[in-house]
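One chain, chain A, appears in both complexes that follow, with chain B as partner in the first and chain C in the second.
And now, the complex of A and B:
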């Protein structure tokens, strides 16, 4: 018995030393399951669907992940997503130069993030509550500026749309059925890698971990905690805006409920990816794996002809298993 | 119970009268006579309304149907396809069907067969309205006996035939020419010719009108060229015409009698595939060969299999669920046979896996439970495997993603709600490019209006709802109509009012639109003011509960009742159902969501197994009229089938 216990704790020690061990393991397990159980899972179209759909939410997820590592929440990203979509869409419909529309959408989303940051840092209201409020408020803004109606862009296809999110057609059409790879996957990869480097290699990255880990200690070490938190809120808002314009460049249409529920998907992806709700630990890679896992789950269940409603149940189960495993590995259990 | 027993008595009496009139030698086989009740004073009762629920409402009960047709498979092979459709439908739906027909073409005997069928008191009669004058009397006898009747293969629909049967199931000639014309324009045709071997024949002229309209709407020209039944003469006429009009490059022939001289002209002029665009009605060995070789773009088939199948299906729907056919003419054709499906053999035992993607689900929106019931009922009856996908809350982006995820599963067919044609266009086109047939239900505007090349849209025809509702109100004594519109400018609602005013205008009466708001009290005042200013108004159409409720308030305040005004409305609500029952409201118009789910599964399955394609861009599931005749069954099945 003692020998076994030491073996177990050695494995536990080893695994804990590999960051994202749980995220990788759960991702691998779900992938293997569908690869074996779901017909047509290992096809270019299925893989492309997973990557393309995950890339939009994924860009939101990495913003939320950085914020969560610094110990804060943002429940308003879905609503910010909708506001930015409408700003972009309505500008294009009004024939404002496309670049200006893009800029406006990004500035507005960054400003909404800034507002979140200022509310949280100046009033001291927990970000969970503060952004619950702005989630409702921003949704109201989206509905108001959109007139509670759809907004379509049906004019000439824009060069900007192609730059932002063109389909990779020569690749897609080499498969049958044609696949759905889009440039947004590259944007997602680029943003994720960039932010992962910032977190790992820069002073700002250290500040983020310090702010989330132990705010008092960080303050006493001279970390500008407030500025870090505000900056991360701006980042989360901005990335929600980036994701929304990429999506609009693909879909050319936005409805008043666009992005609703995205905030919870983002939190779920982060938690499955090994981020702690209390902040101070986790990685961008983990959060991305979490998002890909959720998207894989959705596609896999459709392929197995299982009603999508099961998705929530399974996603919830995986989330709980991931949290328990992470807690166990990090020695807090 | 009083009404019920009187009705039964009337039915029994009529049935006995009919039985007495019919020749005693030919008893229709296989149908048990209904139980009879003593006819106490029943003779003075007016004819009973159709669909009074004599039997308890049982949506799974077995039915006995009789189909009477002017020809049989036994001596005319065309009818073997029709009868195969009939037999397959009977098997799928679990109903008993008897097919009756004369031993040789004999319309008088066919008419007597109708009377004999009535005597058997079946649950429904389907028949070919080959001679509307000769058949009018026996059909009306069936209707008077409370037996639902549909026409198939031959007929013009209840309005044109002047007989009040449910619908005529057959080819829409105008749409054949029109949709064929659009295909020819898409294939590069720039100047059209409709080669008509019998100018003056109503059906053939409609085909040519359709073609000319399609070209004109596309900004191009087309005209009619009259030929004869003499092939050599016709070939010369075509040759002379093309010499005089060298720009003519798109030719529609109306059957083998036009196609054969056309092929002869092509040969003598040294033309082949790709030189001109040619489409034709009907199929023949020559036409099929030319479709295969690429000379002919398409042949238009009336899809006789679907005529037989739909006749049985619609009679079953009326009986089991009180669901009536939406339009006077239910199109089974044009069915286009082109290079993509020519020579395809039916595969009746083929396994069918379908995925439905819809923007809402029964789990969180009760409306969709009725659609779901339709999907499940069809899947079970047809032996198809169906998965229904939808978001957990209204989320069009996720719905669009679900379409792509559904394509990845490579199903045999996809049915979906085209809630947002801009958003859904790309994934739908990907499915089509992957060779997966796609059709729309509940939300959409049809492939032409949506600009997406899916098969058809199953939903309500708003214009026809207003038009047919208007005709009913005129028939009920309405002489001056008003369409009460709570949202003028809304395309769907405006179409309803347009149909309503057209029905009054065509009847030589007048009707106009009254704009109200979503505020009930304000709307009541507007209606009241309008009535004061126009006291001759006696026919009111409301477009939903938001119009009906203020209208009821107005009636009550003004002390008006069904004797002074005729009221019809779109949609159903508890108030509307109550007012249908007490006679205040003539009808409520239902889009029949059960039929949307059922039809989506059925059409895809028929396409995959029998190569039957939906005929029109919009396949109407509504207007479904709910009136005194069927309100009981609708109420009993509300939330499940209705």
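And now, the complex of A and C:
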């Protein structure tokens, strides 16, 4: 029995070392299913839709992923997304220079992240609860500054919008019917690759895994755990802000409920992507695959003309299966 | 009290009149503790005697309420584990302080990573760290399959060896082992004792914390006994029998 247990635990830790395997397998299964079952799924237009939508949420997801690997949650990213959108929108509407509006939106989102980090590290409240509180508070801020109305930018077309999130016209027109690829896909790719490198190849990345994997050990060995946690909250807030300005550059409008539910999509994508709920394990690739899986699911079901409510049910089911398999593999249960 | 005679080299660390209170509870009261250079000092005491508190003050986990610490004859403020490590104090904690989900190499160098600075980013030199982890573990007599294996896939004895190997690699001056043998088999205990002799031969000073004199009797040069947060005494090897020491630990006998 002990020998078997040891063998099992060895296998578990080997598999935990390649968490992307499970994410890749579930991604492949969903992809294959729709490729076979949904007409028009494997078309440039459909793929462009998936990537364009997933890129905005995906930028939020990778920030939440790094934070989650260090053992913390952020449920406030959806509200931060809304606040940053309004700061950007109201600035533009008031004809503040566009670059200044961009800067203000990013600074505000980073500050909201910083506040989360300081609350969690100074009070010791679980981040799940602390950011549930700030989720409500930040949503209140968005509503206070935005009123109950849409904010719509109807001024002249801005060069900044084109830089942030123009459609990739020459690529799109090479398909028939024309596709909807946008620059946000490239931003998402760039940010994801950068964060993946930081996690695996830098000292900070090593500290992130240690902080989530065994905080006591990290402290004993002199890792500045508090600084790591605060930095990751700032990152999660900042990336929510980045995603929000990219989306605004596309849509030119924001409403008070913008970003609601994004925090749960982010956690779901991370978990489907093989990140441990308690931290210490996971990858950016996995989190991205989780996000793409969810977007594929939504797009595929729409193409099959299945009601949108079914999407939520299936997404929930996949989430539970993912948690069960990850829990078993890392032997947490 | 029988003050230990120390050799010509003096002490690597001297803790003077250390007191520690947690709220209204007094954990340590006027404790003097010295570790002679290149010797193995056993720190003995029953559960709750204050051994762990004393060591956590030395490793920067706790700050003393009162008292002074001298490291190599220089007064120091050890206010974080990082400061302790920078002084050359390495600790093998009772829980080993390993991150199971991380590789042997990443655990080995945690908080001490080898990096190449490129602008603001410190890139890990993983190949070099793998090589050094493997060679230094071989050097202290620990055979591992691959340094990139996760620590969680190793056996308890292997994990203990990694923690000791790490401490010996970085422990330039003082090596602290907190109850290193309490969970080990006889064979594994023997291995740990050989690591300690090896460390001493390489010029390190060692503090061996245990509640069981039988575990440390073979390798210790001197013994310091704590009871109820106070020093009972410090004794040279051969001055007392194992039974005498055991009686002093439990308080069956006063010194």
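Throughout what follows, the second predicted complex is superposed on the first by the 311 of 333 C-alpha atoms of A that agree within 3 Å, B and C clash if a C-alpha of one lies under 4 Å from a C-alpha of the other, contacts with A are read in each partner's own complex, and residues count from 1 in each chain.
Definition applied: contacts are C-beta pairs under 8 Å (C-beta built on N, C-alpha and C of every residue); 3 or more make two chains touch, one makes a residue touch a chain.
Fair warning: this is a prediction, and the values are worked out from it, not measured in the lab.
Using the contact criterion defined above for the overlaid structures, shared-chain residue A:328 touches neither chain B nor chain C, since it reaches no partner. Shared-chain residue A:31: touches no atom of chain B or chain C.
Of the two partner chains placed around the shared chain by superposition, chain B is the only one that A:178 touches, whereas chain C remains out of contact. In the superposed model, A:217 lies in contact with chain C only, and not with chain B. Looking at the shared chain after the overlay, A:203 reaches chain C, while chain B stays out of its contact range.
Judged by the document's definition of touching, no chain A residue lies at the interface with chain B and also at the interface with chain C. Remark: chain A residues 39-40, 43, 45-46, 49, 52-53, 150, 152-154, 176-178, 180, 247, 250-253, 255, 257-261, 298-299, 302-303, 305-309, 312 touch chain B in the complex. For chain B in complex with chain A, the touching residues are 353, 355, 361, 363, 385, 387-397, 400-402, 404-410, 420, 422-423, 426, 430, 433-436. Residues of chain A touching chain C in their complex: 6, 9-10, 12-14, 16-17, 198, 201-207, 209-210, 213-214, 216-224, 276, 280-281, 330. Chain C contributes residues 59, 61, 80-82, 84-85, 91, 93, 95-103, 106, 109-113, 115, 121-124, 126, 150, 152-153, 155 to its touches with chain A in the complex.
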